[in-house]
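In the two complexes below, chain A is the common chain; its partner is chain B in one and chain C in the other.
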Partner chain A sequence: MKINKNLEGNTLTLALEGRLDTTTAPDLEQAIKAELNRVDALVLDFSKLEYISSAGLRVLLSAHKAMAQKGGMKVTHVSEMVMEVFEVTGFSDILNVE
Partner chain B sequence: MLSMILKMSAVTALYVLLTALIWLRVRGRKRSVAQKLLIGLIYGGCAVLSTHFGVDYSHMMLNVRDLGPLSAGLFFDPISGILAGLIGGIERYIAGTYWGVGSYTRYACSVSTCLAGFVSALMHIFIFRRKKPSAVYAFFMGAVMEVFHMYAVFITHRDDMNMALYVVRVCAGPMIMFTGLGMAASSVALQVCAREWRNPFRRVSAEEVPVSQRFQFWLFAVTSAILTLNLLFAFGLQTQIAIQDARDTLVNVSGDIRDTYVKLKQTEDNTDALAGETARTQALAIAEAVERLGGVEHADAAFLERMREVYRLVSVASVGADGKLIQCAGDAPSYAAMLGDVLSGASESMALNPSTVRAVAGARCGTGMIRVVVDKDQLAEALNLSGLNEALSYFHVGQTGSFDIIRSNGLVTAGEHRDSTLTTDAIRTLAAQPTEVFFQADLLGTEALCRTEDLSDDLRLLALLPMDEVYANRDAQAYESGLAGIILFTVIYVLISQLVQAIVVNNLQLVNASLHRITRGHLDEVVCVRNSSEFASLSNDINQTVSVLKGYIAAAEKRIEQELEFARTIQDSALPKNFTFPRRDFELYAAMDPAKEVGGDFYDFFFVGDDRLALVIADVSGKGIPAALFMMRAKTAIRGLAESGREPSEILYRANNTLCEGNDAEMFVTVWLGIIDLRTGRMQCANAGHEYPALMRSGGEYALFKDRHGLALAAMEDMRFKGYDLQLEPGDRLFVYTDGIPEAIDENTEQYGTQRLVDKLNATRGEPLRQVLPAIRRDIADFAGGAEQFDDITMLGFAYYGSEKGGDGHEGTDA
Partner chain C sequence: MKELTLDAKIENIPSLTAFVDEWLEGLECPIKAQMQIDVAVDEIFSNIAQYAYGPEGGTAVIRLEFDAADRTAMISFIDSGVSYDPLSKADPDVTLSAEEREIGGLGIFLVKKTMDAMEYRREDDRNMLTIHKRI
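After this line comes the complex of A and B, so read on.
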């Protein structure tokens, strides 16, 4: 999986490319943790994300919780398949999906 | 001088500006061959302009022509550099040969300009590896190129070192400095343009300095020191030799002159006769002159005095026929008697040598007589010296030196400055110096090495050699060996630094690259740098360390593997395995097939009261021991809550809050929970983020049942779950599973998906669940092929037969 970072003002956009599963989720966790203190808002661009596993959902959940006290987290360009995962797991209810 | 500096600065600044402009224009783009040639042409043109618009300084035309090819080659492209060098060099030769522009240095200039192009091209490729050289390197490139230029002037004028020395003396300083500074300024300008400029005076920590740079610094320092010492030593030696040579020359010439002088002086013994004869001839000549005046009576004292001066006599006297003195110039000794024969007419004239110092002669003049007295010494001296002057004209002191024979009153009587008089300062200096000692003084207009020698009481021989000539050879040698030393030093420096790069730095980089791969987890990487004993030993040590490390890791892995195996066993044993029930109104079968790593899937089923059966399937996020532990927590919580008789939605609500407590690892678990009343077939369900169940109505086909979803447990506190009811009729089947099934992948990472699952379920719908589940597992395995199974594959099938089929099977209730 590739993570493309883009910091604009206080908004960090992470564009994910590939599969977000058990092996790659720690990378994303690391990337978010590293920037968490510096940013107010987090945008996750899922336009090139092919797959998300429960380990990936866990990272989204902790990021969501951490960002809830700040400017919030947004997930954008979610593919149908990923959206299905969000819906099945109920994450669509809590995540800010655009 | 100032005007020269200003003009040279302006020309150099133009070069820097041009380089910066061209660079900004072509930066970042890939340059086409045409562009490279164009850059070469532009810089070649600049070199030509430099040739024809040099800066006039001390009769020399200074230029920075070599900046053209150097800039083109170092900052742009090897092709551009070579082209610019050839254009500038060939044009320089043509201009020198046919148009008379600086023809003296045409070979040196054209060769060095051509060479500048090639050298810059080679340096660009092999030393700087197509990167911009730093300001220091750029300076040395420019300066050393000009040093070669100057050295070439020497080489091409071996037979005319003085002129070559003059050219180099005037040109070397400004041309080397300005070419070097021009290159350095261009380098800085480009770095600023590229925003790569860093303050060179910034303190850098030792960590930031590469080995090669530190080595190059010390190599530079040491070789410069050696070069300087060598030059100083050679210079000192040359100075000694030059002075010794000059002294030898002065001594030899003085000796020769003295010998000549002495030889001529020895002929003085023969001058008695000569003096008498001279006196007689002079007496005759004066007598003749007096006779023309009309006789001795007409010659007045003034006339005689003039005669005495002309012939440099001691005295001239006119004597009457009576033998009495008429007129006399000078002192009048009484030699009259001795000349009685002349007066008596016995002879026309006669000479006498009455004493060792004087000769006397008389000549008849009418009835009287003219009598002259000659100083023998003076005569001899006059005769000697006139001979001496002729003899001395064959002597010379070096090329520009001179010798003179000087009277104590400063009159130069012989030598190159004959008949001139020394200045009073010079006379004083000369008088103060002992003879036959060397001293340095400005006696005749130039600072010179001098030596005097007494020839007689009154005469002193002065031989001198101007300092310029004394040191001419030394200076030429110093310049030549200095220039050659710098070139040699540069070559050695470049070679050694390349050698170090090849022997040490490249090997270090190889070792580093291997270590980097090892730290990234490629433990099978073998460090193999074996071209020196140190690196071979280092490679061996690293390989050994890695292999020992690998052993430890393998042992640790094995231990973890074992622990995981235990965990897996414990987890597995926590799942109910008894699928035979003492009643016939339902059939139940479940399976969990863990992935390589222990996961967090689980299923569960248990009776809640007599006729209510709870079915659970769940998937904990993540893997490993944490997931397994969390799974146990979740399983216990759900079972405990369910057994207290609560509704599924309530169970999930409470279980969620329980699991949220102390969930620092931020794990979550998706759960589907159904509690069926086996008597009525009514199943109360709730879904916390779990996969959709597949439902088959009696006689129909399986289809996913898109039930109501809540959020996975342990994700957020106080989540409310909406339950729903399913009314199962006899013959209905329900199949729940974890995402390990739809997300199982084949070798092309295509997912198994729910459609294949539903299809397979339909294909096996008539078979007992005990066979259906393994069939699905096989189907998934066939689909996956060689792909690794990432996730646990867990499924639970339930078939409701109701009381119609199970009427006679109500063993449990009956019992």
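After this line comes the complex of A and C, so read on.
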């Protein structure tokens, strides 16, 4: 998985490319942790994300909680495949999906 | 039937996924079903890698079978670690808020929801979990 970072003002956008699974979820966790203190809002761009497994969901949940005390976290350009995973797991009610 | 034996380690997931994908592509599996199967492989194999064995580790066998009559792919995960039936666990409550959410159990739940059938057997001191997916 590739993570492309873009910081605009205090909003960090991470665009993910590939698969967010057990092997790659720690990379996203690290990327978010590294920037958490200096950003107010987080945007995760999923337009090039192929799929997500529960390891990825866990990272999204903890990032969502951490960002809830700041400017929040948004997930954008979610594919049908990933959206189905969000719906089945109830994450579509938790996350701010656009 | 195809089989692959490998160490039950997280770092082997990419090569296992490549093995399964190559087989599925040969069967002209639709991309959506393939990705759902890839997620299932990730969930099940990572469980085995993390929980089946102690620090000394162990191996797992992945067996691929295809029923051409009803176009069903069957993937079995066989390990000789501690007895564990993932299907015996209660489903997580997916209606809870972010604060109330527990971290465990989501993976197998996701597999249950996306596969057509799953079965678990304990035989000769081995765990065998099989997933079925029409492709």
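Structural remarks
Everything that follows uses one rule, which is that the second predicted complex is superposed on the first by the 98 of 98 C-alpha atoms of A that agree within 3 Å, B and C clash if a C-alpha of one lies under 4 Å from a C-alpha of the other, contacts with A are read in each partner's own complex, and residues count from 1 in each chain.
The rule is simple: a residue touches a chain if its C-beta (ideal position, glycine included) is under 8 Å from a C-beta of that chain, and two chains touch if they have at least 3 such contacts.
Fair warning: this is a prediction, and the values are worked out from it, not measured in the lab.
After overlaying the two complexes on the shared chain, residue contacts for A:30 are found with neither chain B nor chain C. Residue contacts after overlaying the shared chain place A:21 against chain B and chain C alike.
In the superposition on chain A, no contact is made by A:6 with either chain B or chain C. Residue overlap on chain A between the chain B contacts of one complex and the chain C contacts of the other covers 19, 21-22, 51, 53-55, 57-58, 61, 65, 88-90, 93-94.
Contact residues on chain A toward chain B in their complex (touch as defined above): 19, 21-22, 51, 53-55, 57-58, 61-62, 65, 87-91, 93-94. Of all the residues in chain A, the ones that touch chain C in their complex are 19, 21-23, 50-55, 57-58, 61, 64-65, 68, 81, 85, 88-90, 93-94. Note for the complex: chain C touches chain A at residues 10-11, 13-14, 32, 35, 38-39, 42-43, 46, 94-99, 101, 103, 106-107, 109-110, 113-114.
Only residues 619-623, 666-668, 670, 688-692, 709-712, 715-716, 739, 743, 749, 751, 790-791 of chain B touch chain A when the two sit together in their complex.
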